[in-house]
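One structure, as structure tokens, below. Some questions next.
By written order: A, B, C, D, E and F. Residues from 1 in each chain.
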Amino acid sequence: MKTMVTLGEILIELNALTSGPLRNVNYFEKHVAGSEANYCVAFVMTGNKCVYLGRVGNDEFGKNAVEWLRGKGVIVDKIKIDPNPTGIFFIQRDYPIPLHSESIYYRKGSAGSKLSPEDIEEDLVREADLVHSTGITLAISSSAKDTVFKAFSLNRERSFDTNIRLKLWSPDEARRNIIELFKEYPLKFLITDVDDASILVGRSDPDEAVRLLREYADVIVMKQGPRGASVYYDGGKYFAHGYSVPVVDVVGAGDALGGTFLSLVMSGYPLDKALDYAIVSSTLNVMIRGDQENLPSLQDIEAFLREMNKS
Amino acid sequence: MKTMVTLGEILIELNALTSGPLRNVNYFEKHVAGSEANYCVAFVMTGNKCVYLGRVGNDEFGKNAVEWLRGKGVIVDKIKIDPNPTGIFFIQRDYPIPLHSESIYYRKGSAGSKLSPEDIEEDLVREADLVHSTGITLAISSSAKDTVFKAFSLNRERSFDTNIRLKLWSPDEARRNIIELFKEYPLKFLITDVDDASILVGRSDPDEAVRLLREYADVIVMKQGPRGASVYYDGGKYFAHGYSVPVVDVVGAGDALGGTFLSLVMSGYPLDKALDYAIVSSTLNVMIRGDQENLPSLQDIEAFLREMNKS
Amino acid sequence: MKTMVTLGEILIELNALTSGPLRNVNYFEKHVAGSEANYCVAFVMTGNKCVYLGRVGNDEFGKNAVEWLRGKGVIVDKIKIDPNPTGIFFIQRDYPIPLHSESIYYRKGSAGSKLSPEDIEEDLVREADLVHSTGITLAISSSAKDTVFKAFSLNRERSFDTNIRLKLWSPDEARRNIIELFKEYPLKFLITDVDDASILVGRSDPDEAVRLLREYADVIVMKQGPRGASVYYDGGKYFAHGYSVPVVDVVGAGDALGGTFLSLVMSGYPLDKALDYAIVSSTLNVMIRGDQENLPSLQDIEAFLREMNKS
Amino acid sequence: MKTMVTLGEILIELNALTSGPLRNVNYFEKHVAGSEANYCVAFVMTGNKCVYLGRVGNDEFGKNAVEWLRGKGVIVDKIKIDPNPTGIFFIQRDYPIPLHSESIYYRKGSAGSKLSPEDIEEDLVREADLVHSTGITLAISSSAKDTVFKAFSLNRERSFDTNIRLKLWSPDEARRNIIELFKEYPLKFLITDVDDASILVGRSDPDEAVRLLREYADVIVMKQGPRGASVYYDGGKYFAHGYSVPVVDVVGAGDALGGTFLSLVMSGYPLDKALDYAIVSSTLNVMIRGDQENLPSLQDIEAFLREMNKS
Amino acid sequence: MKTMVTLGEILIELNALTSGPLRNVNYFEKHVAGSEANYCVAFVMTGNKCVYLGRVGNDEFGKNAVEWLRGKGVIVDKIKIDPNPTGIFFIQRDYPIPLHSESIYYRKGSAGSKLSPEDIEEDLVREADLVHSTGITLAISSSAKDTVFKAFSLNRERSFDTNIRLKLWSPDEARRNIIELFKEYPLKFLITDVDDASILVGRSDPDEAVRLLREYADVIVMKQGPRGASVYYDGGKYFAHGYSVPVVDVVGAGDALGGTFLSLVMSGYPLDKALDYAIVSSTLNVMIRGDQENLPSLQDIEAFLREMNKS
Amino acid sequence: MKTMVTLGEILIELNALTSGPLRNVNYFEKHVAGSEANYCVAFVMTGNKCVYLGRVGNDEFGKNAVEWLRGKGVIVDKIKIDPNPTGIFFIQRDYPIPLHSESIYYRKGSAGSKLSPEDIEEDLVREADLVHSTGITLAISSSAKDTVFKAFSLNRERSFDTNIRLKLWSPDEARRNIIELFKEYPLKFLITDVDDASILVGRSDPDEAVRLLREYADVIVMKQGPRGASVYYDGGKYFAHGYSVPVVDVVGAGDALGGTFLSLVMSGYPLDKALDYAIVSSTLNVMIRGDQENLPSLQDIEAFLREMNKS
């Protein structure tokens, strides 16, 4: 069993029960979400351990987040309680773009954004097998950014998902901050996608973008939406195709892919097989509302693949 | 800003929450509908003004209709309150034909069907930029039919959607009445589809049908279901393809297309661009229950098109 | 086992899922209802047989009604299919009067209202142990009224629930028609309440009203809402108190009481005991939406009474 | 018809679909709320006009608020669009205190809190028959507070509901700010309750509290929860008892009472009758989720009272 | 009208309201199911009669099953009440395999499994036009197996659907028992699919498998999932293609196909046309939760086919 | 912090979404339940630790139970996975007895019933501050009964809730087995109610029953339904009254009371205060579906009591 430490903000997600503009939606379904929490649960579901570092509010939504993650097997005893409210977001689905989802945040000044370097138990981070965070954590506050920098300074086994959210910062700010991190702390694993790569290095062709990003990371996963994803590594590239399924909500699909990929690689799977499995995780993820409910076990991923190979 | 006056019947729609024959459906979702009301909201959502002429009952459903339309920005102060009940209809979805919907009306003798020529404020109609109605209004009562004739006599900027509902009249009656109207009051805009055209002029090939209909209208929009739609005009034709999306309920899609098309043309868009945009409106419309909840603004149509052009 | 024949209109009920004015209600729950159908199911649930005479539309709601009643054990093979639509109604709950319900009908010209004397199989009615109808059937059409008169002419074991609905006729019409029926065909059982009695004989005091109604019926049940009900018979009167329970929807409570009462009396229970049991039936009925779902078996009535006697 | 101008923040309410601590609630129902908006709709439903001054975000929830209020007949064209998000709140019901509700706000830095003196069209306020605001508007920001002061400086027909929310400010801040307002701008109508009065003047006995508050207002309405409410006026006092009904959510009940009361008094009803009617409004309000859906018309209030007088 | 007698276990189905692993599903929807009951309703919906032989518990779910089937027109008066509980099962949808469903049974020792040879009224079986059962009934208990053997001994018009459920027995047990039955009682109709055939005769190619199964049955229907189905008969084979529709739950689709096929063949339709129609039945079936709610009438099948031929 | 070890069966609860006989209920809501699990969560919510000893199936419901309880803070790592299915039960509400609930079990041969003495880690039980079980665990299997006996042999700090379920055993069996346990292993805490006591010692008067039970336990809590509860101890008795609240589902109320009471007593609260607080726990419990969702923290109990003392 490997241990990943992840730093980020847990959010409560309120997903529209019906499609269309939120003004005409009458009911919302509550879920626990947040990119790093999604990574963590994906990691745990496939047989490893994950310690979550972050803050939640001293409120029902904070308790909700901690209870849910603890239930799923995430190690939550380092999560701090903060006097600010737990961040939340709404999801509008299929409007104005079919099969796409839009997030509306209420997270400014949230408990999660108060994450700060002092929240880090240094030994814990030092002894972890992997330290992971995302562009979201860099964006939510300068103290949160400092916390990522500090954590990355303590352990060379680093993973990062770019996850650029243009509601949190401008393309410029994103590029400047992320590249700053990469330069200071080169990565073992970089998970990104075509849109983010284009912001970071100005190239939208995956191969081109990776060529420019290679200096920052040993292994790069380039997500390509429903088409699939590629993994680039020393001297090689492997493309895993996606599966065509009815899409309910794409939010969290990238985290599912990333978290499952990291877990399997840490467990010793070869990169290509890990990516094949990780694609299953994101495929199942888009079929439901909620980011963590369909994160699969190894056994379930294998059942999926057996069936697909049959027909 | 242009002003359209439309004449018709607002209905309360009770859409089955689950697919299949209504006998096995336990829950229904309420919406405000009615072809002309759908046109009106589509017109308003894209930046113009719409005055609704019609009657609703002195009951909760009538109040519901007026409040909803007023909320959406429709000018409702000319709507009359009638002692008869507000008309309603149920929608059965996906049975017996997948992706199709069947309407079951409770509108006989309804408030809306009592629309009568005296409901027309003549100056209002005269000064409108466009006067619109549909085959449904011709069919619901002879006083409603007379009202359309009177309105069309007051203003030469006429638009008409054939919208033949065979639960309201026979093909013969539909043809006789609609052609009578067309002969007396030639149109600026005719919106129709292959089935209706076949009833009216006995041709199911779109080009053929339009050739015979051209004498009645300057511009003809021929809806062709999920495939898209064509607009025919003096010496030209433009076909706009549809988009493939998960279909929930097709009721109202034609009105979405027609209302958005008219609005954009009135705003000065060229016919082809107006049709491209209008197709987005009907595409979004079929993804939800309800006829008006997904009617898009110009900005949302453009977001949709940007995304489609990307991939 | 005794057999009751009942004549009336089966309706589909659309009960508001949330309280308040219907304009603000978004979801409706479908049930099978209609006073005589409620009587019939109450009669069957307590161990007897009931034949329903009436018409439903050739539509999903008509099929729904027949399938449901057949499922509950009602003999439905005499129900006729009529080209008109099955009648429906909506229920608005708790507004403007808390714990009260308001019915909004869409039943004018319905299949059920086309009930006509030729629908009666004479031998069937002659041989029944009891023939039952209500003021609603008198009110919905003159052919329906004629049918009740004809049925009552064929069998002296008559039961009638006044059930005056002021949305169907005026107090004057109600009184004139009902008293005409009573004079021509005196009853074995009259089920009524204080409001109806006041319309019929101008007295709102139960004892007073019964004194004036006694000439028309051997046994009179006077329903008194949540307080309970009284049964008057040759030389006697028995009052059964109601039970205080959370009220969801009172529609159908009187039918529950009447149907259970008639069934038990026909099975040989003394009038007082039958009324005690019948009160349980109406008590359970007000705790849910739907008129027939909580109609109890004898065994369930007894379980209720055992519990109440315990505490 | 009288015109009230009201200043405040419209909020989107997300009401728990099931009772209990929010961590265990899975679904939320959306409503439009906000104390001043509630007042406004209550005022309009009973036959008068209300102009809303405030700001909403340039987002779906802001559009939702404006469309809903416009639908209900509120004059919304003075509402400004602000770049900050529309404020929202969640309601937790029946826990930890049965029949009570707890509000959890996400409104810090909201569009609504940006209300500022320049939002006031002076003539509009000067010509209104009544200018109304609440303690909430004083509490949300200093610019909002300034706006209330400015509005009150323009018109002597002032109304104020104390509505002290201890999640927005301390008792001390509340008292200081509210009394400052009262001293500078004495009121025509003061609506308050026992808890607020105790914070303002240190007395929890209604009569005592009113004695100390009388210098600030001509007419004082003292709400006393389910027991009812009293109105105090020059030399007199009238107590109107409450009605016992099943309670779903008490949020908004005080606004219902206040808005209906002001409207009837402005329409010329005597104070006691206005209060009797206003109590009906708050009684209906607690029977549902949502603050505005059960606000009654005069006709519905009278139907309620007729029924209560009957039994 | 032809009469089929069928022997089996009626189950109550609890279908997940949302997709994904059941641990994360909060709501379940109740339906009546069970392979033989599905066959029976499909048979009745297309114009024939079906007698159900089986047992249900003396509980609400047993009563539910009987009332529902009686409502649908199934002859239920031979169903016995057993002291054991009515069997139930849960359906998990789309996880871990998209568009697939998994059944979780609670049926061990159930009332239905107590079916025993003495439950057979011999004349009834002898005089039936067809006697049908499935592999499930063979698997649930030895007394149930004996009952099938006895019924098949009484009538040579036998039909059997292999329906091998590997949660009820091993492939070996399935093969041994089913082949034993086939050897003793050759069939008129065998309905099976590729997976079951492979277990029975070790061949997964449909033609190959049928070649080996032909000795046991005159007519063999080989279901091939969404692709369609083939019917093999004396010297011939006919393939009917499936239709591509949005899949909600595939449980019961095979029974829909089989029951409709048998009914039409018994009514005199040629085998190919019967199969074309039967495919419509299974196509509609997969579009909803529930196994019986979308079973079509002949008229609805024809409406479906007319539409498909149009486009 | 004190540690309680509890032995029992965790069940998945499927609670009817609407009241009435289950045959007419269409939707069910899933919860985690089981008397000992309820005790455990009540214990943890009020600040102590609880170790659960038991078995769940290797299925989604088993995983559901473990994840939920782990989320709530229960120590679940001693729970064993068993090849049999996780037990479940349905709850029928308000029928046939208003405000009562009926449980329908599917737990025969369940994983939980396989609890066996070898599941006990002896040191864990020896070192616990309290060992708790209930009559249900005695009833589900002889191995489960043996497990309770063994656990009680290891630690003298014993607690027991009689919880006699007549669907699991006869009154005679219940009395014989429970008294056998009591005689062998006298208790520190006995939690019971009037019905159970009457089965055990033939007295339904609380004081009388306690007089006969005193030889088996130091402290006896006698639950008396909505009226409240009494605690009897050496030389004393204290009665705590209940609170009148709207009742949704009473299942689990007794466990809420018992679990909170034990926790507070273990934390050092005097018996009377512990009972006052425990009553709050059961009061909140009956207001929702679900047995554990409303179990309160100390802080929430105190908020409740403060409010009640105010009015």
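One rule holds in what follows: a contact is a pair of C-beta atoms (placed from the backbone, for glycine too) under 8 Å apart; a residue touches a chain by one contact, two chains touch by 3 or more.
Worth saying up front: this structure is predicted, and the values here are computed from it rather than measured.
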Compute the shortest path length in steps from subunit B to subunit E over the network of touching chains. 1
For subunit A and subunit C, chains touching each: B, D, E, F
Let me spell it out: compute each chain's centre from its C-alpha atoms, then which one is farthest from subunit D's centre? E
Roughly how far apart in rotation are subunit C and subunit E when fitted on CA atoms, stated in degrees to the nearest 5? 180
A student comparing B-C to B-D should find more C-beta pairs in contact for B-C
Where among B-C, C-E or A-B does the B-E interface show up again, with more than half of the contact pairs the same? A-B
Please state whether the interface between subunit A and subunit E is built from the same residues or different ones, using more than half shared residue numbers as the mark of same. different
Could you grab the centroid distance between subunit C and subunit F? Build each centroid from C-alpha atoms only and quote it in angstrom. 45
Need the CA-centroid distance for the pair subunit D / subunit E, whole Å please. 61
Which residues does subunit E have that touch at least 2 chains other than itself? 21, 24, 26, 67, 246
Among line, ring, star, complete and other, which one matches the pattern of chain touches? other
Would you please name all pairs of chains that touch? A-B, A-D, A-E, A-F, B-C, B-D, B-E, C-D, C-E, C-F, D-F, E-F
Enumerate the contact residues on subunit C facing subunit F in the complex. 243, 245-246, 248, 283-284, 287-290, 293-294, 296, 300-301, 303-304, 307
Interface with subunit E, subunit C side, in the complex: residues 67-73
Given the complex, residues on subunit B that touch subunit E span 18-21, 24, 94-100, 246
Counting only contacts in the complex, subunit B reaches subunit C at residues 14, 17, 21-30, 59-61, 63-64, 67, 85, 88, 92, 104, 106, 108-109
